[in-house]
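Each of the next two complexes has chain A plus one more chain, namely chain B in the first and chain C in the second.
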Partner chain A sequence: MRIAWLPRAGRSLLVLIVVSALTCQLAALLPGDPAFVILGDESTEAQREALRHTLGLDQNAFVRFVNFMGGVVTGDWGTSFASGRPVLVEILSRVPATAELVILSQVVALAVAVPLALHSARNVGGKLDRLVSTGTFLLLAVPSFVVGIITIQFFAVQLGWLPASGYTAFVDDPLENISHMVLPVLTLGLAEGAVYVRALRGSAIEALRSPYAYASIVRGASDPQLLWWRILRPSSSTLLALIGVSLGVALGGTLLVESLFAIPGLGRLTVSSLGVRDLPMIQGVVLFAATTVVIFGILADIAVSRIDPRSKHGLV
Partner chain B sequence: MNTNAILEVRDLTTTVLRHGTERTVVEGVTFSLTRGRSLGIVGESGAGKSMLIRSILGVHPPGVTLRVTGSVTLDGHDMLALRGRERRRALATSVGMIHQDPLRSLNPTIRVGDQLTETLAFAGTATRRERSRRGIELMRSVGFRSAESESRRYPHELSGGQRQRIGIGAAALTEPALLIGDEPTTALDVTVQKRVLDLLHDTRLRTGSSMLLVTHDLGVAAERCDEIIVMRNGRIVEAGHTSEVIEAPQHPYTRSLLDSIPRLDGPRLRRLRTPQEGALS
Partner chain C sequence: MALSDLATPGVAIASVARNRIPRIGVIVALLWLALLAVGALVAAAGLTADPLTNDYTVISQAPSLAHPFGTDNLGRDVFSRSLHGAGSSAVVALVTVFVGGGLGILLGVWAGLRRGIADAITGFLTDVTIALPSLIIVATVVTLAGPSLPTISLTIAAFAIPVFARLSRSATLSIAAENYVVAARTLGASGWRILTREVLPSVLPVMMPFLMTTLATAIISEGALSFLGFGLRPPEPSWGGLIAEGRTQLALAPWVTLLPALLLCVTILAINVLGEHLREAKR
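And now, the complex of A and B:
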């Protein structure tokens, strides 16, 4: 098991390098000239040429890639065209809002999904199971921004209980921060939760069909004991892998939900950078997102090996 | 009515209700098991043996609804009437069950020592320390020499025979009035089978339990049980003392089961022909 981490780490590094190489091609692929966007249409060709040179856009993609990687290694991710500030500083300043949103929504998703999945698996085809199946299908079928718009309409506009959008840092005003977080967290959490319910319910049904579940029932396990002490653990490998993927992807920025609720996180940074062809910024957020995906993939693998002893021997 | 019966089953009929269809899998089964004795339930797969056990215990297969009628009295409990906590307590204290597949009947994510004593954990009647002590003690009694370290292993780290010894230890934990073996040796090597059956026998003597041994192997039942019932298509076709059933089978089905046991002194059967080389490719 220890040995297997080396190739795993190597593959992860390769993924990050490939992602970086691809984003360095963006300058050639994106329509529109960044120099034109920055200077406006009243600029002269000479001015634009000079700007392209200072931005390094006149060099070929390979040179830009080498320069970019050199910078990444030394902690210099480049300078934003749009704000003139270092890319890494901009990214790190956006992390708290996204991280708070993502972590809280995962907590909500799991708190809702795990009990529902386990108890509907125990009574397949029962009232709860049918309700949960319909509900999760509905949530999966409807895009999260539609759910978001509906929650805004209901809780913010009609009831006026919560703000419709915006963000206040927790350190500035904890109460205000929470009230701004409720709706986006619900929107994101329900969407994630629906996926988790379906994954865990399936594995739990399989585990409940196993002879060891029968054995535990004959030994006098109540439903909660059976489900929480004996079924949850062997059923959670798929769920853990899914959590790893969602966390990794979402920490790179939740584009729709952040845009909908005007949360100044990485997702909004990505969208606004794309809008103004801020190439260094785009490269930075893409590399950051790829890194979170890779890291949480590895963390999920570790979690699975901890929770299911068979996986250490490649038996699962 | 047998007043000294540990298990009394009367006119038990079980119907599987599924997708609006009904299928009767156990029909009009009546038998009783006297305290301290052993009963073999023999029949081919699909004869209704496992469903009979599930009906007695009231543990339905997942996703399936059973309609069970008749009466089951187990160690004084009216099993068909008990619900919830009372039923769980009756199961935990009166029944010890050994399952068919020793690997799949152990939870892959729980250390074997903890599974051995899980009955106590579910009942909440013993502290973690007591359970661990009891688990190690039981593992010694079923032949684990270094029980202390072996109790911390996971099922996949044990051999098939070791796993089934864990199963027997777990069944004996509460010294139950009734041990149920549901094909306990079917998944094991022939050499391991005998040792497991011997251990089951020793355990039964130690705990004073009665035994219900479900098997498709009439030979095993004849060797280990005082009485035998033969099931086919959900019904009992033959019942009696082992010697009567073996020596003077009444039903043609029993005779065919007896004939299917290979014997050293029986007529020599012709070997199946081996395909010619190359004929399969």
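And now, the complex of A and C:
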């Protein structure tokens, strides 16, 4: 079955429109008066009235939606209460730190996960396999914020090898940048890696049972040849789909890690915006996050159909 | 990244040909969860030290017989606070499984049996929910609507609905083609009867491992939420909150953070062991 790209794209666009609609009704949908929640009980009625006007809460839901969508399309995502700067500008200025964190942790996760998964799949029940299976199973039980605390305590506080928190842009000081990135990247990458190992190991075991794997073995292919040239590619569709999902939802994970390590990325922006109830900013972040989920979902589909042509013909 | 996997718990641990969980592991996991449940109930009944009372005579004391998990910098009993936190986590986890999982499965089975427009709408709503950043939305709702256990658990539960709708829909599609369902239909059974008597009993066992995964992700989500400061308001104890509170005194009084963290991890591990066991049993 060929993936029908046009309906897929149309559907994604519709998803984003519905997400926008929900986002701009966020304040109105919840119980209580958002103006009161945002400004606190020492505000005057006039101040609250002005805020309701800014948020469009004095208009009906449809007008609010049309105004919001008009803004989204023209690049006017509103103005942050906290900084007074445009929401989109603020979001884009935070992307580099988050992107670096997410990309590096994916690289680390894959660099560790792929060899471990392939080699433990080759010897199911062997020493390496048992170690990897048990290790990842234990790792899955440790939430990232606990991993983060332990790495900070051990590597930064006790051993003093690496800084516990903070961030320097790569262009300002590459070495400083990397040293600040090691612990957060490990924290995120470890959890991702554990999931990836288990997924890839499963598909690799299946691929190794196939006739072509058997043919390759009897013709005397060495383990690395067999695993990296014959097995990796057909086993990677689940992995690719998972990578798509984790890149899409990366923002959720960075919320914790960026707060923990004081990295000025999108996650930290979200947490601080929530802290000061900066509603336009929160709406912007939600919309941005939903867009990344949708985009990486599509990219993962494309990647799967490219790397595994069988999926186009409905063979897997 | 367990947390943001809330929208995709099924994929997270899905794999084939795993190493078997030893029987003793399953027994230990069950015992642990039972013990924790009893502990949480005992604490909820007020039989342990008051989790909110400051006792300045025992500030930051290491674990001892009187205070098994030590005390924090306000002299509060960390063990009692952890048990109360277990109660909150259990409420969130159970609401997520029963409300989120329950509604999701009903929705998925219904969509899978009806097909057509009902199926299309359910599928679309699922797509929308999966695109939403769950942790951010939950934190926003909690911020605007006020932090309370019902708000927190119901919002987390809402994000479990689409996952189960999707999973149970595809399970239903294959079951609806089975002979016994076709036979019931031919005999003139009503749609409701087919749903409750024929399809649900076959779908539920398939969903059990995913329900266990959801139990774990819900606990982690609640922990993350409290850890970020959007959970129950301090000094109300919750696992994530306890772990966050102790962070500043990690070098001085590591037990304040590490023992609740250990409790959290062992509990997640126990749930994962049971989920894994159910997955193996299915095969």
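Note that in this section the second predicted complex is superposed on the first by the 293 of 316 C-alpha atoms of A that agree within 3 Å, B and C clash if a C-alpha of one lies under 4 Å from a C-alpha of the other, contacts with A are read in each partner's own complex, and residues count from 1 in each chain.
Here is the rule we go by: a residue touches a chain if its C-beta (ideal position, glycine included) is under 8 Å from a C-beta of that chain, and two chains touch if they have at least 3 such contacts.
Computed from a predicted model, the values in this text were never measured in an experiment.
Applying the stated clash criterion after superposition on chain A shows that chain B and chain C can sit side by side.
Of the two partner chains placed by superposition, only chain C is touched by A:259; chain B is not.
After overlaying the two complexes on the shared chain, residue contacts for A:217 are found with chain B alone; chain C is out of touch. When both complexes are overlaid on chain A, the residue A:18 reaches chain C alone and has no touch with chain B. After overlaying the two complexes on the shared chain, residue contacts for A:85 are found with neither chain B nor chain C. In the superposed model, A:124 makes contact with both chain B and chain C. In the overlay built on the shared chain, the residue A:306 is in contact with neither chain B nor chain C. Contact with both chain B and chain C is seen for A:205 once the two complexes are overlaid on the shared chain. By the document's definition of touching, of the two partners only chain B reaches A:233; chain C does not. Taking chain A as the reference chain, the count of touched residues is higher for C when chain B and chain C are set side by side.
By the touch criterion defined above, A:53 lies against neither chain B nor chain C after alignment on the C-alpha atoms of chain A.
Superposition on chain A places chain B within reach of chain C only down to 9 Å, the least C-alpha distance between them.
Where the contact sets of chain A with chain B and with chain C meet, they give residues 124-125, 205.
Residues 122, 124-125, 205, 208-222, 225, 229-230, 233-234, 307-310, 313, 315 of chain A are the ones that touch chain B when the two sit in their complex.
Put simply, chain C touches chain A in their complex at residues 1-8, 11-19, 124, 127-128, 130-137, 139-141, 143-146, 216, 220, 223-224, 227-230, 240, 243-244, 247, 250-251, 254, 257, 261, 264-266, 268-269, 272, 276. Residues of chain A touching chain C in their complex: 11, 14-16, 18-19, 22, 26-27, 30-32, 34, 37, 124-125, 129-130, 133-134, 137-138, 140-146, 149, 153, 157, 188, 191-192, 195, 198-199, 201-203, 205-206, 238, 241-242, 245-246, 249-253, 255-256, 259, 270-271, 274-275, 277, 282, 285-286, 289-290, 293-294.
Of all residues in chain B, those touching chain A in their complex are 57, 59, 61-63, 85, 88-89, 91-92, 95, 97, 99-101, 104-110, 118-119, 121-123, 154, 156, 167, 170.
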